[in-house]
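Each of the next two complexes has chain A plus one more chain, namely chain B in the first and chain C in the second.
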Partner chain A sequence: MNFAAFQLETGLAALVILLLILDGSCKQSLHVAKGYAAGIVGLGILLILSFTYLKTPVVIPEALIQLDTMALGFKRMFLALGLGFFIINQNWIARRRDNFISYQSIFLLSLIGMMLSSSVNNLLMMFLTMEIVAVSFYVMVGYNKKTEQSLEAGVKYLIMAGLASAIMIMGIAFVYGISGTLDFNELAEFTPDENSRDAYWMGIILIVAGLGFKISAFPFQYWAPDVYQGTSAPTTGMLASASKAVGFILLARFACAAMPLGSPIITTFWAILAASSILYGNLCAIPQRDIKRLIAFSGIANAGYMMLAFSVGGTMAMSAMFYYLIVYVFSILGAFLAISLIETEVGSTDMDALSCLPQRAPFAGFLLAVSMASMAGIPPLAGFMGKFLLLKALFIRGMADTPILILAIVALIGIIISIYYYFLVIRCIYWPANQAYLLRTSGSKIFLTSALYLAGVISLIMMILPGIYPELLLDGTDWMASTLGELLQH
Partner chain B sequence: MLLTSILLLPLLGALIVLALPASLRVLHRTIAITVTGIAAILSLFLLLGYQGGIQGYQFIHEIPWVPSIGLNYRVGVDGINLGLVIMAAWVSFAAVLVSYEIRQKEKLYYFLLLLMCGGVIGTFASLDMIFFYAMHELALIPTFIMIGIWGRGEKKVYSAFQMAIYLSIGAMMVLAGIICLYAAGGAQTFDMEKLAGIYSQNPMPISLQKWILPLLLFGFGILVGLVPFHSWAPAAYTSAPSAAAMIHAGVLKKFGLYGIVRLILPIMPQTLQPWMEILVIMALINAIYCGLIAIRQKCFAQMISYSSLSHVGFIFLGIAVLNSIGLTGAIFLMIAHGFLAALLFALNGRIYQQIGNTSMDSISGLMQKMPFIGMILSATLMAGCGLPFFGNFVGEFMIFFGTWQSHYSWPTALAVFTGLIISAVYMLRAIRRILHGNLSSIASTAIDAENTWRKLPFILLMIALISIGTYPIILTNKIKDPVNNTLEPVISLTMPDTTNSDSSK
Partner chain C sequence: MIATIETYLTIGLGHYLTVSVILFCLGLLGIMTRRNILVVYMSLELMLNAANLALIAFSRFNQNLDGQIMVMMVVTVAAAEVAVGLALIVSLARHKLPIWIDNLNKLKY
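== the complex of A and B ==
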């Protein structure tokens, strides 16, 4: 057992228990403030501990979970992201005058699942952590039980995520039945014989399908726009960022272990998934008028960009993918800070409603604009560096490999299309087409708590600093990807 | 260090403006004028300190940025970009000076404008391809925002959007091409100089060149406004505030032309010839077609936008003929045209601000009300149709020589025809319509530039235009050597070809 790998998670679990105790022990008005403060301080301390106390990776052979470089890096990311969303959640709950603890504790439980998922080194643990995350999300997606849309989204997510889990466990059964192992390192060394090869690959494809649901990659994307639209903004943000990150982390570990990345057939497999996700996501995002739906489609496209790394293979591409993923989740954090404000204050997530941001909450408007620009890949923001690193990996491989070059061109076309709709959002914020709507939604200034500013600043730092000084994050992602290098060597 | 301080000054100024409260309106403008003014004066030291006859770049300053992938901040000048950097610095200064017309959201305006100024200077000073690209984007994004917020007319948001989409497509193609150059070199460097060296040692495979060359050529072409991809330009320049139009049309647009000279000519000489023959045709279409459209325009802003596109055609022609004198002329014309376009858009801005529109049907007799502006305007328009003693004449003349030398006889004739006749038609017509005749009623309240500060940008740009026109050798001497180096691989490859065609005649 690798105890080091779940020290942070244990701390988080203690925090959840502390919150639950606080809930019962104080007066109604007091416990929210205390719980809120405890949550922020607790997450902050864990984040600092992850940088100071847990500096060195601890790898024990054959342990179910590992604290390798990749796990450590992503745990830090999840803690920072969790801190941001904890604050956004709180703001949303305060608006609804709802029970603070029940929502936040479920949220923190899902965060435990996410952090555990970054340590996974075993098929069974992969399934387990995915279920922890998914079950927490069943509750959070349908949390708004008084609105029909939210219930619809909840049921849809329940059915689809359940189906995905079932498909995945089926795949795990296939793979285990043939290879006789659940461990990723052993899986990397295993090659099926002639008789069992088809069933083995069937199992792998089923697992990829299960994970493809999480990242909303192309043929498994149908749930995303409806669920995103129906769910409350903070949960949507988590679905679009952290839940997607879980999918990619598991996929990176699993694909590096079980699939010979870089071989022609595997390259073609990922290239088709990536190219179709990029084109589908970007083209469908253009006509959207609801910001949450737009981000759902753009998320499909972004999943496509990140899947480019799997079609290239190698640690350089994986490092680029991690860079892209980290920058992407923090852009989503910034965007959803603004979107949740809009949702609670204006009551609509229509793009026209964004036009009230510059007057009512200039910081949130700026944040949303910067995150859109970062996702569109405008230098010197970090999103540019992410796209650049992925394209660089792609082109280097493509110099010797014409199909990859075609894939790179598809990716470029996708990026060009995406610039249009990301700019459309910026335009809706600052130059609304419909002046009447601007007047209708104009109202008093929205009060932003200092904690919200903290969440915004976390997002801004992660969007700007790695763009101006890429070495800062690139060293980290190279370090994280070195874990996968050992798997890839087999 | 000198180059770094020239390009950092405006960027630092932008940060200072951002940090100051929005109520200190005068201070924002003062800071902007100070930093760009110092940068412009410092840029003259480049001209003084530049030593001719030395191979390679001078004033190099290098800071490692992302060493693991070979990405470094590296600036330096040789004859080719020396003039462009100086031009960028002076046009930036003039653009800040004419910005007194801006009366709302000054803080944001000067912040964006200073970003743009730093960006354009950085674009031409960078020797690293990614910095070259990123600096261009840094100047480009503020352009869209400035058109959207402080632009003119009903269609400003539409034209800002149109421009954003067109130029993003072009920029993405260029980025892809740049990454391809990096990947195909296999040397883990984005340095233009090193890459050119690597590719002259072992040329890029023809199969790759076939992809990369058109990608880069048309990517740059879109950014410059090569004819089928030009429709963003007139709309955007008509709606842009003067400073944005001056910097974009005058300086930033030269990014594409400069990119072709720096990245395509020395790196891919093997597949260059057929594409350059196509480019000659496209350049002529640009020059003639846009010139003819310019004749039809009733709006002064539209007319000068099209005339600017028409001039760009000549620059393309000078590059496409692939000989020393043509390319030298092209680079000279880039500089001269930068000053000219900046002057025209500054004048257009002044007229718009005084009268409220720039329709040539309704404005006449402006010379009576605005003698100073009128004098500058007629001199600039004369320069635009190629009058000697102005910079444009020298550049165009050299390009005609170059075209003739490369045995493009009918293109030369056509180009001379356009250069001298078509542009004379619309330029002189504009002088007659706007400046002469009876004073129209809407122009009766117009006032001339009030004081020396208001006159300064026009005077500075005019001095620049005249001084390079009367003493061109100050630049051509410096441009000549690096141009010969750039063209060396191309000429050594095509030499057998030309001798063959000569003997067959």
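== the complex of A and C ==
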């Protein structure tokens, strides 16, 4: 057993238990502040430990979970992201005058599942970690049970996620049945014979469908806009960033192990998924007037960009995909800091409501504008480098391969379309069309706690620094992708 | 070679898989066509159990126990899912009593 692989998760579980005990033992007026401080300090300590104490990867062959370089990198990412969303959640809870622990403990438990998912090395653990995250999200999406919208989103998510996991288990059953193993390393060495090849590939496609639901890739995207719009802003942020990251991490490990990435038919398969996601997401985002719905469609398009890496294959493309994913989740963190403020203060997530941000919360407005610019891919920001690296990998492969070149051109067209609606959001913040609405919503300044500034600064650092100095993050993602190199060699 | 009655009576991997796939498709059909959320949820469980049947059959014919362990995990997770899912459906029922899928129409563009 690989004990090193779940030390951080054990620490996080201890933190959740500590918070539950604190909640039970303190008086009503005290425990919110104490629990909040304990949560931030605990997550901070775990984040520091992940950089200082757990520096070297520990890989044990045939262990269900591994602490390889990829796992280590993504555990750090999830801890930083979890710290940010912990603060945003708390802000949302405080304004609702709600119980502190009931939402945050579920949130931290889902974070354990996410961190475990980054070290998965087995189909069994892949299913389990995906379900830990999914079951926590069932609770969080339907948490706001006084409003019908949240419940409707909860039930929709419940049925669609349940369907996805059922399809994935059927796929696992077939892959296991033909290959006789659940281990990724053994799966990488396995090639099915003539008789069983069709059943094996059917199994793999069913698993990809199950994971494709998580990342809301094109044919499995139908739930995303409704669920994103219906649930509360912090949960939407988690769905758009962390839940999607879980899908991509599992997909990267599974696809590298079980599919010969880079062979013509697999390239075509991923290219079709990626191109349709990019075009669907970008074109459907244009007419949206609800910011959460807009982010859902832009998330479909972003899933398409990241799937470009699978159609190319190889460690360089994977490294570019990790870079893009890390930058993307922190942009979402910044954007949802502002959106959750809007939702609690104005009570609407309509684009017109954003116009009150420059007067009432200038920092949040700036953060939302920067994260939109980063997602659009404007040069000094990190989003640009992410798109550049993905397209670079695509064009290098495309020199010898015309379909890949067409795919790269489709991606470029998608990026150009996306600039329109990302800048529409920035326009709604600073140059609103409807002056009457601007006057109506101009109220007192929104007070931002220093912790919220901390979350904003984490997001800003991750959006600006890797853009100006790409090696800072690129060295890390190259190091993370080196794990997949061993799987890809087979 | 003459096929005896015994060869038809021996149950092989194919028989298990046929039953499993039929159950799986019935579940899928239920999710797509039924209008009551509880029935949809039951269809979902049917799909999970169809996959369990396939896993057990494969485990038996592969001569290793990984599949059986997987089934234990699936059953555990399904129980957790039902606990949360029923809670959600109950709180939905408090808002509007007949829990039909058609009532879930508040969220759209």
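Definition applied: the second predicted complex is superposed on the first by the 490 of 490 C-alpha atoms of A that agree within 3 Å, B and C clash if a C-alpha of one lies under 4 Å from a C-alpha of the other, contacts with A are read in each partner's own complex, and residues count from 1 in each chain.
As a working rule, a contact is a pair of C-beta atoms (placed from the backbone, for glycine too) under 8 Å apart; a residue touches a chain by one contact, two chains touch by 3 or more.
In this text the structure is predicted, and so the values were computed from the model without any measurement.
In the superposed model, A:154 makes contact with chain C only, not with chain B.
Shared-chain residue A:188: touches no atom of chain B or chain C. Look at A:448: by the touch rule set out above, it reaches neither chain B nor chain C. In the superposition on chain A, contact of A:478 is made with chain B only, not with chain C.
Once the two structures are superposed, chain B and chain C can be ranked by residues of chain A touched, with C on top.
Touch criterion not met for A:202: it reaches neither chain B nor chain C. Looking at the shared chain after the overlay, A:38 reaches neither chain B nor chain C.
In the superposed pair of complexes, A:464 makes contact with neither chain B nor chain C. Contacts of A:131 after superposition on the shared chain: chain C is touched, whereas chain B is not. Taken together, the chain A residues at the contact with chain C in this complex read 123-124, 127-128, 131, 134-135, 138-139, 142, 145, 148-149, 151-156, 158-159, 162-163, 165-167, 169-170, 172-174, 176-177, 180-182, 225-226, 229-230, 287-288, 290, 293. Across the interface of their complex, chain A is touched by residues 65-69, 71, 130, 133-134, 137-138, 141, 144-145, 148-149, 157, 161, 164-165, 168-169, 172-173, 175-176, 179-180, 182-184, 186, 208, 211 of chain B.
Taken in their complex, chain A has these residues touching chain B: 373, 378-380, 384, 388-389, 391-392, 395-396, 398-399, 405, 408-409, 412, 415-416, 419-420, 423, 427, 430-431, 433, 470-471, 474-475, 478. Against chain A, the residues of chain C that register as touching in their complex are 20, 24, 27, 31, 37, 40-41, 44, 47-48, 50-52, 54-55, 57-59, 61-62, 64, 66-67, 69-70, 73-74, 77, 80-81, 84-85, 88-89, 91-92, 95-96, 104, 106-109.
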